[in-house]
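Structure, as structure tokens:
Going by the order they are written in, the chains are A, B and C; count residues from 1 in each one.
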Amino acid sequence: MTVVVQTEKLSKYYGNVLGLSDVSVSIEPGVVGLLGPNGAGKSTFLKLITGQLKPSLGRILVFGQRVWNNPVIYHQIGYCPEVDTFFEDLTGWQFLTQMLRLHHFSPQAAAKQAEEMLDFLHLSQDKDRLIRSYSRGMRQRLKIAQAIAHDPRLIILDEPLNGLDPLGRRKVIRLIRQMGEAGKTVIVSSHVLPEIEAMTKRIILIHQGKVFAQGNIHYIRELIDTHPHIISIKCDRVRELAAALVKEKEVIKVFFTPDPHEVQLETRQRDVFFERLQQLILDLHLEVEAITSPDDNLQAVFDYLIGER
Amino acid sequence: MTIRKKGYTHWEGELKESFLVWFPLTRLGIKLAFQRRFFRLFFFSSFLPALIFLAGIYISERLEDFRFMLKGSPPFLQITPNFFKIYLSSGLFLVLLVLMMIFVGSGLIADDLRFNALQLYFARPLRKIDYLVGKIATLSFFILLLSLVPGLLFILFKLLFAGNLVFLRTYPWLPLAVIGYSLLLTLFFAGYALALSALSRNSRYVSLMIFGIYIASDIVFGIFYQNFHHPYLALLSIKLNLQQVAAAIFGQKPFYQVPWELSLAILLGLMVGAYFILQRRIRSVEVVK
Amino acid sequence: MMAISLRETSRANFLISFRDVFKFYSFLGIHSRRHKLFFLIALLPVFMAVIFKSSQIIYGQPRFSGLFIYSNMIMMFFLQFLILLLALFFGTSICREEIEGKTLPYIVTRPINKIAFILGKYVAYTLLVSLMVVFSLTLSFVIMNVNRLGDLGIYKVLVRDGGVLLLGIWCYAAFFTFLGVILKKAIFFGLIFSFGWENVIQYFPGKTQKLAIVHYLKSLLPPLSQEGFPFLLFRLEPTPPGEAVLILLGLMILFLALSCGLYSWKEFIIDSQ
């Protein structure tokens, strides 16, 4: 697959303060979630990709070209900033058409495209109102609209779901997935981990200016061998199951939860254990209600990697 | 003893009312001003005229020693109320105050409007008057440091250098005059700067307005005066109104034959106008149509 | 889509960027509430002209003629206050407006050549200021010379004064654009320059006068009457007009070039808060 964004030992310093350190990633088409706590370096990374900042060290290529002072490349890049600022004296319609005109769209093409985009993001009714009178959600939708209206190949969204109501969030998440499926590259920065999980399984985890992990969530989880996997089993005879589990060499720990029908265990060899579990269930004639992995999710991966668990 | 869990707990002490509710605003405003390096340089440089006048007081007591420098200029070095009037109402001093207002005052309310901070302020037990007093106090701190403090120090040093109280016996009302005029300067410039700051969310634009209106009033006066030669045109200029009132307070003859009460009325009128602007603009909720 | 092909050359991109930026900021300039207020401020000389003319009509036997007042008072108000104030605000806005308003990301992430951005916005804003000033100047001129409008000879004065003011606006705006790119507190330094340096330096004799832009502008005007104008007393040693125009244009080009170069090289860090 073609690499859309490529960084090699990318670093950014603000004076003596480290913004980003030695980041080498390759981003291919599809949706990628950029995760990290406040001050991790996410915004710095996005600003480097969008050419708002110059690298202090290393390099960054987008579509095989450098970004800094390369205006032609912005035909293919759309950026939704985190800050909630606009040209407040304009209406939504005026703002969007003018942003499209800055992409060198003709007046007619800009009007047509703006009309479609505002309609898609449910802003048509308010398009002739001044932006200063818009609600938070409307402003956020307008920001997303100006990022995607010119049909770019690379879309960078910094906290795109801020201020959106649940319906709006679902719509935008669906839009992001559709863009990813259509072959575009979408990089989404967010703190809301369940929503990132709803969008994509590919993540880049940044913390303290460094990339802690990159790739599929499950793959990353597998790599975290300092934290054994937790598996939860709900069945009718938990104590009997627990007694059998204790004898398995892949099982490190077995413990009970407040739920009388649930037992949890820890294992470092999840795949091997699941094969044994099938046999155990058959041997004991258990009626299993549910088997889940409570920590096979983004929150757990996030917490493990930044050391909060 | 109750074992407290880590986390939020109710305050079990007594909530006391404070008369200095506005003080944190003032403290913050002063602290933010001094955080800027260039402002610190400007602030300390603005005491230069005061130092020069202080040197003048010293020289006036040592006239014999400095006679070789003073051929034909003893009237300048007579420390009279006019000396104080010159310091507190000279064109340069007033421009320094205007520049101080630009530095400290242009963003005081404009930035709060821009970042929607008023909602945060008024979600606390802070009334509009407390907010205004806090902002005025920030500007007052700087204006009084430049006006009242040097003014009173001049009197003190004059007495110290003279070694007697003759000066104070001759002009017993002078300290009150210094206090009164300094307060007038403070209230006028604070109201002027804050009203303009409340009219816009852009502090750069406010800076320009603070300076522009002050200078324009003087230029317009100059142009009209040269054509019409009518002394009442002095009422058009903010600077001249302040100088007329200063002359009256320090018992001097005003330069323009205009009743000083009219100048004072104009200044008070502008202060009242500033008050109404602030009342209208400072609201916790902004209605946008 | 309808976007222009990626194969456009740098030069074509520059020209197109310039055109689109110019159109955008002209549009924004017309719709901005703040700019409308500056238009009203620019009408202050008209207000003064109305007062002068009314007093002449009411009281008769004016001390000075309409053309004299226009040339020596109103024109000086334009030259030593109004164009400075307008050029300072609009010039510094070219860069500072986007940074302080945090709208720079919208501009930087568009296919706009950085030099074209500075030049396009500069031309848009200075045109706007020029229109404001020319309108106000013309109206003031007409009011002050309402009884001599049939005399075609006086229009040379208007054209000359308009030209001088336009040259001043474009030169000052270029300088303030440069200040806006390099300094955070551009307004403060601009005020010190405009109403400190420019006013004081012209009172210095000899070559020191040539260190002020206003010296070259005044060199293009006839010598002012010193009658009863003590506050305008200065010893102008004028530069020849042709040389003055070249120097003003040269300064404009120099400051614009510096602005474009610095803006292209510099990165502007916008606080996300």
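We take it that contacts are C-beta pairs under 8 Å (C-beta built on N, C-alpha and C of every residue); 3 or more make two chains touch, one makes a residue touch a chain.
All figures in this text were calculated on a predicted structure; none of them were measured in a lab.
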What is the identifier of the chain with the smallest separation between its Cα mean and the overall Cα mean?
C
Of all the other chains, whose mean CA position lies farthest from subunit C?
A
Can you give the whole-Å distance between the Cα centres of subunit A and subunit C?
49
Whole-Å distance, C-alpha centre of subunit B to that of subunit C, is 32
Distance between the CA centroids of subunit A and subunit B (whole Å) is 53
Give the list of subunit A residues in touch with subunit C in this complex.
14, 43, 50-54, 69, 71-79, 81-83, 85-87, 89-90, 94, 98-99, 101-106, 109, 113, 146, 150-151
Subunit C contacts subunit A in the complex at 1-4, 6, 8, 10, 13, 16-17, 20-21, 23-24, 27-28, 31-33, 101-114, 264, 267-270, 272
Please name which positions on subunit C make contact with subunit B in the complex.
34, 41, 44, 48, 51-52, 55, 63-64, 69, 73-74, 76-77, 80-81, 85, 88-89, 92-93, 96, 100, 185, 187-188, 191, 195, 228-229, 231
State the interface residues of subunit B toward subunit C in the complex, per the touch definition above.
38, 99, 102-103, 200, 202, 204-205, 207-208, 211-212, 215-216, 219-220, 222-224, 226-228
